[in-house]
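One chain, chain A, links the two complexes that follow: it is found with chain B in the first and with chain C in the second.
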Partner chain A sequence: MNDTLQGIWAISGPLFVAIMGMVVLVIGLGETSPAGRRFLPLGTILGLVAAGILTLVSSRGIPNMPDVTPARFFGQGMLMDDVGGWFCVTLCLAAALTAGMAPAYLEEKRINNGEFYALLLFATCGAMLMALANDLINVFVGLEILSVSLYILCGFSRRELRSEEAAVKYFLLGAFASAFFVFGSALIYGAVGIANRAISLQQENVSFTNFDIISEALQNSARSGMPLMSSPLFVTGIALIVVGLGFKASLVPFHSYAPDVYEGAPTPVTAFMSAGAKLGAFAAFLRLSHAFLASDGAEPYRLVLWTLAAATMLVGNVLAMRQTNIKRMLACSSIAHAGYLLVGILASSHGSASLYATQSVLFYLLAYTLMNLGAFAVIIWLGRNGGDYLDIRDYAGLAKKQPLAALTLTICLLSLAGIPPTAGFFGKLYLFMAAIRSGEVSIAVIGLVISAIGLFYYLNLIMQMYLREPHLEFEEPREGGAKRAAILAAILTIILGVAPNLLVSPSPAGEMNAPPPVPMLKTRPGENTLERGSLPIEPNANR
Partner chain B sequence: MNPAVQNANYGALTSLMPLGGVVPLTWYITLASLLFITGAVGVLVKRNPIVIFMCVELMLNASNLALIAFGRYLGNSGGMMFSIFVMAVAAAEVAVGLGILISIFRLRDSISVDEVNLMRG
Partner chain C sequence: MPESLAGFLSIPVLLFLIFALGAVSTAVSCVLTPNPVRSALFLVLNLFCVAILYLLLNAYFLAVVQVIVYAGAIMVLFLFVIMLLNLGSPERIPDQMKWQQPVAVGAGILLAAMLTVTIASSVPSFAPATSLPQTARRTTLDAREPGASQTMDNSAILDDIARRPETMGTPYGIGKNLYNPDKPWLFPFEMVSFLLLVAVIGSVSLAGRQTSEEKA
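Our next item is the complex of A and B:
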């Protein structure tokens, strides 16, 4: 009983978000007056802030039991540590920014219903569950809660054919990818179970899809001369899981849906999808990579990640150069950013730099969430009755007509391009540093060269805004919540860029002191080359 | 040592015999793999979204079969639990998916994926 209560406390963040979602749904169904509907986004944002605080508190451990972080709950199926807490807080931030920028847009399209906010909260809850899951079953359930909510949100603008087409595309490919994930989990379940039997480990009451058990089986089977990585069942399973998660994270070659879906979906949904779905998928990727940490036979896995990362960075940036629609351009750039993140994931599968790489991935995800949502918020902000300015040429001379919007968009684009002093610069720096520390120098070099290609299309848009003569009037932009969300995101991007270790302080009273994400990291003190004060999250070994 | 344990060279699937079972585990896994591949090929070649979705269901059920076969073979209930989750999720996906298809059918009296081509980059 006490275990259950502790578990509920540990996942109180996602639980709170789910309950908020139901409350918003019920209120939204009953409320038809415009004044009442204005309350919904506000309530959603307040609820998300509360959930974020709740997560921060609960990720610091159970009251009176400070020793149990990182702690496993619900039959080892959930894991609440500072990595999961960071993911949850970032997700709450992404959802709150989305709820802030959405109302005016939805009102114009006559779809400002309570369901939007409820589905947004459910999707957030699903992604948070993915971030806290320590078992493939829970990853799958979280993934599906996230995906099913996003399918509906994509088709939310139900009078527009584009939106419906995006929903059909996303739904069919998403369900296809989920099937890959499930079949991969089934094969891993079998392979790990058979390995455990072969080396006479405990069979009863063990979940063979648990990341800890997979990690143990990888170690023990290698020691007993029958490495799990040489089992075709296991290798196929991992490959299928990478396909399933790669789809959600829009890695090349599973990216083909992304530009179409991102273009067709309502802009606030696109904004949330670009951050939320990636956060969930990369959380699962991170846990999967940590399972490989202690074993030696992870080379094939790393080779796959290396190839995917290089291909994703290259194809994403090259595709983005050819786009003339700003939503499609940001979609392609988000593919490229998934590639950069995968470099961090690859580095985190090396014991020598795992902690540093994990932290760099977390920092980059926060930076990416801010800058990407900021850019989408500016697009919503500039739109007005009758449509949005989606063609890149429409942005010519924006600096003369709407200087504040141009400045905000410029900050977000500079950050996406990775130019100091913005959060994106430090994010990329940490990621490539992590890759170099872990010995993956080649991918770091490739990433640096490719991100130079990326400069081209971001700077092109900035030049359009500042150097060209305006040919549009930009009358009556929507402003409102979208303006506030965009400015907030831009300010936070700058703050993170000027003082990347602000969120951090070496003292335990700081925001988030990440203990090593997996316990086995603690056993390798000599290899932990982390420099104190150089990263947003500091390890706190005396916990 | 248990002979079944000694035989468990999982480099080769053929040696995975169940403990006193009638149908070897290999057969189940082969069937599940074939069903999965059939479903995957179906998704790639079919043009009707409803048929595509039926193929996805086939892939999910192939996974269920594999999970239950492994669970039975290993004497572990996790596989059956997982398959129940998969069924619940598949039901939710059907509900949402058919809703989306009806919604697009209302806007344009056809649902063929060949006509889902408004956006091209």
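Our next item is the complex of A and C:
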């Protein structure tokens, strides 16, 4: 019983978010007056702030129980460490910014219902569960909570054909991708179970999709001469899981839905989806890569990641150049950013730079969340009753009509492009440094060249805003929460860009002498992973 | 050789082959039939076949639940909805990308073939251990190529399977595992309730009636 309570305390962040979701849902159903509805986003934001604080507190260990090291809970299925805590706080930030920018937009579309905020909170909870999961089954449940909420949110503006189309497209393809993930998990369960067969039938309570057990099986099987990576069952399972997660992260061969869905979904939903779904998927990718850390023979896995990263960066940027709709352009740019993040994931599967690479991925995800949500918030801010300005040509001369909005959008775009005084610059720097440190120099060079190509479309939009003559008046912008959210995101982007060491960041030069700011559990192989009663695989079991 | 073939074609294996083939063919028919009612009925047949495959795996409880919940309750609901919406055969929408269909079918068959080969090459033996007499078991094992027996040690696995707990697949065994807080299954089981809640909210908010505010 005590263990259960500890577990509930450890993951109190996501649980609190889910409870807030139910509270908001009930209040939203009872409150029909528009004045009462205004309270909903406020309550959502307050709940998310509280959940973020709870996560920060609970990831620092369990009060009055100092002997409990960053531990596994719920039958080893969940874990709470600083990586997971970082993901959870970033997710809370993303959801809070979304809730801040949404109300005016939703009221105009007359869909300002409590369900919107409840689903937003449930989606956040699902992504947080993915970030804290230590077992593929929990990753899957989190993934489904996140995905189903997002399918519904995409179609939330149900009188618009585009929104419906986005929801149906996302749902059909997403359900297919989830099936790949489940099938992959089943194959991995079988493969790891065969590798661990000495204990598989005597100890019933072992889950072979647990990341620790996969990691141990990879190490032990390599030692006993039958490496798991040469088992076709295991390799197929990993490949299917990469497909399932790659869809959520919109990596390249699985990206085709992204422009249509991002364009059709209500703009606040697009903003959240671009950050939330990626955060969840990359959290799972990171845990999966860490499972490969301590073992040899992960080359096939790295080759797949290398290819996906190169293709994603290239195709994302090339597609983005051809777009004339700003939502589609940001969708394609978010594909490209998934490619940059995958470079960090690839580096984190190398023991030599794993900690550095993990921190760089965490930093980049925070920076990406801020700059991308900031850009979407500006789109909402400028829109007025009847529609948003979505054509890139509409933004001509924005600086003369709405200088503050133009400045905010410029900061976000410069950060997305990776120009120095912004968070995006340091994010990219850390990611590519991590790749070079881990020996993946080729992908770092490719990434640098491609991100230089990517400058083109961001700078094109900035030039439109500052150098062209305006042909639109931008009367009656929505302002309100969207304005505040955009300015907040832009300011945070600049702060992270000026002082990246303020929160957390990998030291860019030399070896890390100081204790790392994010002590990570799984990145130091052999330190913590074996404490919980390792699973001995008898070498003479294979007579 | 004939002896090993006889060992291979034991009754459980025959049953497996029949119902596996049934599951695949009904699944394919379910997708290919244009009539939604027939499609749903093929799905019922498919769920039955899968339930019998569960039985062959000693998962008695799962098989019964599969029939009662899926083939029974859920499929009745499916049929009700189809009848309620009064769906006929759908009209053919002009296909914008005709080249897509053969490519998709080809790629799907390729994927299925690759998965089949992968799994077949990894699974130690098709014959269920408990069903075979000792001699037949040995023969089946000896008949395998040396390459396959290198990666899998069959006799060890078969011995392990024989040591499987008696309660496996019974409601007692499932309950003891599923609801034990020390085991990894309770937490995802509880979290699925959030998933169902989200699905309910979704169906109400996407298909529900318009609120007074929306009408205004």
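Please note the rule applied: the second predicted complex is superposed on the first by the 493 of 543 C-alpha atoms of A that agree within 3 Å, B and C clash if a C-alpha of one lies under 4 Å from a C-alpha of the other, contacts with A are read in each partner's own complex, and residues count from 1 in each chain.
Here, a residue touches a chain if its C-beta (ideal position, glycine included) is under 8 Å from a C-beta of that chain, and two chains touch if they have at least 3 such contacts.
This structure is a prediction, so every number in the text was calculated from the model and none was measured.
Engineer: Name the contact category of A:471: first (chain B only), second (chain C only), both, or neither.
Structural biologist: neither
Engineer: Pick one for A:18: touches chain B only (first), chain C only (second), both, or neither.
Structural biologist: A:18: touches chain C, not chain B.
Engineer: Who does A:162 touch here: chain B (first), chain C (second), both, or neither?
Structural biologist: Touch status of A:162: first partner only.
Engineer: With both complexes overlaid on chain A, does A:232 touch chain B (first), chain C (second), both or neither?
Structural biologist: both
Engineer: With the two structures laid over each other on chain A, which partner does A:182 touch: chain B (first), chain C (second), both, or neither?
Structural biologist: After superposing on A, A:182 lies in contact with chain B but is clear of chain C.
Engineer: Quick check on the superposed pair: does A:125 touch chain B, chain C, both, or neither? Answer first, second, both or neither.
Structural biologist: second
Engineer: Classify the contacts of A:4 with the two partner chains as first (chain B alone), second (chain C alone), both, or neither.
Structural biologist: Only chain C is touched by A:4; chain B is not.
Engineer: Touch check for A:144: first (chain B), second (chain C), both, or neither?
Structural biologist: After superposition on chain A, A:144 lies in contact with both partners, chain B and chain C.
Engineer: Mind working out whether A:74 is in touch with chain B, chain C, both or neither, as first, second, both or neither?
Structural biologist: Second partner only, chain C.
Engineer: Using the superposition described at the top, list the residues of chain A that contact chain B and also contact chain C.
Structural biologist: In chain A, residues 137, 140-141, 144, 148, 151-152, 155, 158, 167, 187, 190-191, 194, 197, 200, 204, 207, 226, 230-233 are touched by chain B and also by chain C.
Engineer: Of all residues in chain A, which touch chain C in the complex?
Structural biologist: For chain A paired with chain C, touching residues are 1, 3-4, 7, 18, 22, 25, 32, 34, 73-78, 110-113, 115, 118-119, 122, 125-126, 129, 135, 137-138, 140-142, 144-145, 148-149, 151-152, 155-156, 158, 167, 187, 190-191, 194, 197, 200-202, 204-205, 207, 210, 226, 230-233, 236, 541-543.
Engineer: Which bits of chain C are touching chain A when the two form their complex?
Structural biologist: Within the complex, chain C touches chain A at residues 114-115, 118-119, 121-122, 124, 151-153, 155-157, 160-161, 163-165, 177, 180-188, 191-192, 194-195, 197-199, 201-202, 204-206, 211-214, 216.
Engineer: Can you list the chain A residues touching chain B in their complex?
Structural biologist: 137, 140-141, 144, 148, 151-152, 155, 158-159, 161-162, 164-169, 171-172, 175-176, 178-180, 182-183, 185-187, 189-191, 193-195, 197-198, 200, 203-204, 206-209, 226, 230-233, 259-260, 263-264, 319, 322-323, 325, 328
Engineer: Quick one: which bits of chain B touch chain A in the complex? Just the residue numbers, please.
Structural biologist: 1, 4-5, 8-11, 13, 16, 29, 32, 36, 39-40, 43, 49, 52-53, 56, 59-60, 62-64, 66-67, 69-71, 73-76, 78-79, 81-82, 85-86, 89, 92-93, 96-97, 99-101, 103-104, 107-108, 111, 113, 116, 118-119, 121
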